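I have a structure I would like to understand better, so I am pasting it below and will then ask my questions one at a time.
The first chain written gets the first letter, and so on, giving A, B, C and D; residue counts start at 1 in each chain.
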Amino acid sequence: MVTNAQAAHPENGTSTWWPSKYGPDDQAGALNEITPGKVLEAIRLVRQGRVYDLAHVLDQDIPAFPGRTFRQYLTTNYHQINRRQPDAGPAGLGTNSVNWIVEQVTATQQMGTHMDGLNHLQMGDRTYNGFLLADIIEDHGTNRLGIDTLPQVVTRGLLLDVAASRGGERLKPGDVITVADAEAALAAAGLDVRPGDAVFFHTGWGELWGNDNDRYASGEPGPGTALGEWLAERRVALTGCDTWSFGPFPPETHCEPFVVPQTLNVRHGVVVVENLRLEEVARAGVHEFLLVISHAKLRGATGAWVAPLAIL
Amino acid sequence: MVTNAQAAHPENGTSTWWPSKYGPDDQAGALNEITPGKVLEAIRLVRQGRVYDLAHVLDQDIPAFPGRTFRQYLTTNYHQINRRQPDAGPAGLGTNSVNWIVEQVTATQQMGTHMDGLNHLQMGDRTYNGFLLADIIEDHGTNRLGIDTLPQVVTRGLLLDVAASRGGERLKPGDVITVADAEAALAAAGLDVRPGDAVFFHTGWGELWGNDNDRYASGEPGPGTALGEWLAERRVALTGCDTWSFGPFPPETHCEPFVVPQTLNVRHGVVVVENLRLEEVARAGVHEFLLVISHAKLRGATGAWVAPLAIL
Amino acid sequence: MVTNAQAAHPENGTSTWWPSKYGPDDQAGALNEITPGKVLEAIRLVRQGRVYDLAHVLDQDIPAFPGRTFRQYLTTNYHQINRRQPDAGPAGLGTNSVNWIVEQVTATQQMGTHMDGLNHLQMGDRTYNGFLLADIIEDHGTNRLGIDTLPQVVTRGLLLDVAASRGGERLKPGDVITVADAEAALAAAGLDVRPGDAVFFHTGWGELWGNDNDRYASGEPGPGTALGEWLAERRVALTGCDTWSFGPFPPETHCEPFVVPQTLNVRHGVVVVENLRLEEVARAGVHEFLLVISHAKLRGATGAWVAPLAIL
Amino acid sequence: MVTNAQAAHPENGTSTWWPSKYGPDDQAGALNEITPGKVLEAIRLVRQGRVYDLAHVLDQDIPAFPGRTFRQYLTTNYHQINRRQPDAGPAGLGTNSVNWIVEQVTATQQMGTHMDGLNHLQMGDRTYNGFLLADIIEDHGTNRLGIDTLPQVVTRGLLLDVAASRGGERLKPGDVITVADAEAALAAAGLDVRPGDAVFFHTGWGELWGNDNDRYASGEPGPGTALGEWLAERRVALTGCDTWSFGPFPPETHCEPFVVPQTLNVRHGVVVVENLRLEEVARAGVHEFLLVISHAKLRGATGAWVAPLAIL
């Protein structure tokens, strides 16, 4: 599948990133860091039986990346059709008068609180593990790295409250979260980062969700390239922010848009979750938790709408 | 909201079911049975750090209820568009040549492994807690009982392997799972049913998924009405089978189609999960586990594609 | 199919409108007025061989009735897939390197320049010819009066330039076009209205299309109820304006929204075309022409995107 | 826009086809052959006032090219919503109790009776007039050659009944219609082909539509490459068959799939209409007629569902 040598691909720059450290056929990326032992470590964090839901509600009015939309229509036709059947009861199908309603949704998975597949971003024509897009593209999705290939996530979650450690104010668009920021937030919480962790950053930007969607979508603060590398070196499994992408926008270096999530995904296989709803959990002073993210497995899709759960 | 008196609604039969025991405004149904104490009880079941994924992959070829479809198309347009931008790099946007791909999905949530909202089924014109459909219908979904109103699920899960306790053969379409079946499966596993539990039934019918989809969709075994009532009396939070609906089809009583899920949903607020992938977990001899089901919160939708996790 | 007597339907007011004058099973409405003789009459109007296109371009940014949207996505996947086939040529499928691209559209037909089916509007629960919605509704559309049942249109078209005859200014939202207006415009053009004609009204409101879409959609001028009745009495086959509906909005009588198109459709079976692009043809001083409107026949749909042609 | 020289594009073979004879920016192709004089010539063919509709009904069950689908859902929600408004009447909005219904369609325009845009097919990466796909692709469609750029069609139509001239039997899959076939059919009808004409071929294959859709879609007879060139030399504006594509399938030369429509579209700009409903008009012995094809103008789309009208 990795059909072309390095020299033929100028987009690679000075180094290639394949085969991945998890093997040339790997599709799970840094989620490989989540072992049974890691699951047990995370389970032991639960003391209260409290569940925080880190997802926003999904509807047609949420902030969206240009060109992306979510539309849902309800159909109630079977209320009429059932009443016309030969075995209709007084008000529906059967003597039990059963009826049902169904919605139709048209949307991309790249909306709302979602987890990106490792196929979503590329560097030039190549994805994580060096697959060429031309080799993996199908009509319905990709035949490698689809969201259906990503393992379900049960691991230790950390919330680094950068907004709090910077003084309690919402960060601004283009603000770069540094390694020092991460270390300060960890020190304040008395925590460290370990392989297989999920590390989420609270920037306060998520307060705008539903309140000023245009502003929310116009820019974002986020981890800079140095912090991205720092996360990868610590072998975190996944990461995410209360913003629509990951990393500052406008970008840290003008000519490198979306370079942080691109590097995490493509080079390191670190999974990114976007549009996290972190206000509630940040206000509650939560820093360490059992994180569960399960996702519907749309074959070949580039992501999945999720509701990450922080369980304490 | 409950605008009409009982006498005006012949569909009610001899008894009404509202207000619900969880209050006249309740939208969570039997998920109210899942307390922090229940979460902790479930967490304590984890010993191995092993995660079983109980969801099937979702694509256009899966078994579907008549008239329901799932279609997904990949778009890779930004590979070309990014290369044409003023700040394009050698093979994409920026000097980092970033590109992305996105899918478009058109489907109902009532496909594949999914959890029904308490708005999906009605008795005549009324849902759980007696809401009239005419009062809650909106263009995009319902303004009460949408899947966005259902709490996320972290609870004790039980797998009753009826196929095994009946001798290891796959049950047949229309086969009725009885209270005695449930009790026998529980006794064999040395388990009991408690409030807030999720009770799943392995019938073996799920072996047909992906192997003979037409047959899978043509009928199903399932819990009968007596077992449905038994589950509700024990205050289970949710239930589900390795079948496309819940309850036998053809139905136990010819003139009462879908009466088991209808009664569970509408009268008792017990949530139903459909098309569970239970073969793997049944083969592994798993009977009791931490169950986590998190779902994307599509406002007003009638269900959500989910990947229930059985964690041991 | 007409299953209930008049007395049972209070929505009927003082008179019922079925069976229609074209018969109890008729689905063509006033398009029945277009006979072969009428076609020939219309054909004879062509002198120059000039074709005016009365449709706007359809895209995601056009004015829309609340809740209605049009989305289109291009997929180019076969450019990659074809190159990977066993019989691929140098740059596509075969030695001829053939490739293709396809779009996916999600939308209602009730967008842009479109013709309403006689099933689109109801008075209470009843459509044209007294069909009950509950009897004709199916999951995909209606089993009577779908746009597929409407004949294709080849007839004499008239453009009544009310904006011009009122002094050349664009009419305002809520402005009522009267019978006197119609008669003045006809007299100015030396024309009369005959059975089977299509009568279009130029109000100037269409200038806002693409220039100020919010204002365009916020209201409209249009024929009042008296003019609606006058058109029906003259047995016109269809009618339309350069506005998003037909008839003034705010409505002539506050408590009667959309009563003009409702009466034309439901009571008289007169077909309505919306969002006509009339600026060009009005500026050219065209008043009488061969009108051709052909429409794709989506089974059971409530309308069809069309491009009406005025041929001179 | 034509950014690369011939030598850089090995897909071109021995000759390039751009700039087109209609100019380097032309997007109308052979529809340029339809002049006002041509319109008048066509109009004069009408003697009876009879209109034949050459389109099939469009629904979810029609024959489809692999991967293409058409889905339509009706929504009747406003029947409930309107009755709940402050200004609701007895059975809908206002004292006139108005209600409406709307469908939602998800589909490609490449379904059913449709006209291909000149952007639908490519030779390698190039379209008609040599545009590079990479230069014209946008998220919603193409910025050149979209179906919105094709003129509306009013011209002389010819029906060559090859099934009849070959003895009355339906042609078989892979059967090649030759120049001799065309000349024989023309001679039998006493007709000739002139610039700007639309030439349709009746093969009898269309009898299978709706009767044996699988067989219909499994192959087709059609004009061979020599006849394709013959049509282009005669400067026909458009052409089409009662088949799902144009040209024999399996193809005349095994390694050249879809080379006939590819050559007509890409090299000559001749427009192709597919899935024509020709049985009725062939049985009626019609050979020459006024043809009108008007199409909705979806910006950048690759085709349009149409209902071509043969008017006599």
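Annotations for the structure displayed:
Assume contacts are C-beta pairs under 8 Å (C-beta built on N, C-alpha and C of every residue); 3 or more make two chains touch, one makes a residue touch a chain.
Since the model is a prediction, treat every value here as computed from it, not as a measurement.
The chains that touch both chain A and chain D are B, C.
With B-C and A-C as the two chain pairs, more C-beta contacts join A-C. Annotation, chain C versus chain D: rotation angle of 180 degrees from the Cα superposition, expressed as a multiple of 5. Residue numbering at the chain B/chain D interface overlaps substantially, since over half of the positions present are found in both copies.
Inter-chain centre distance (chain C to chain D, centres taken as mean C-alpha positions): 23 Å. Once the centre of each chain is set as its mean CA position, chain A and chain C turn out to be 45 Å apart. Counting partner chains per residue, chain A has residues 73-77, 80, 104, 106, 133, 137-140 touching two or more of them.
Note for the complex: chain A touches chain B at residues 10-11, 35-40, 43, 46, 48-51, 53, 55-60, 68, 72-74, 76, 79, 87, 89-110, 112-113, 119-125, 133, 137-142, 148, 151-152, 154, 251, 254-259, 262, 290, 292-302, 304-309, 311. Those residues of chain A that touch chain D in the complex are listed here as 67, 73-77, 80, 104, 106, 139-140.
Within the complex formed with chain D, the residues of chain B that make contact are 69, 71, 75, 77-78, 80-81, 83-84, 106, 133-135, 137-139.
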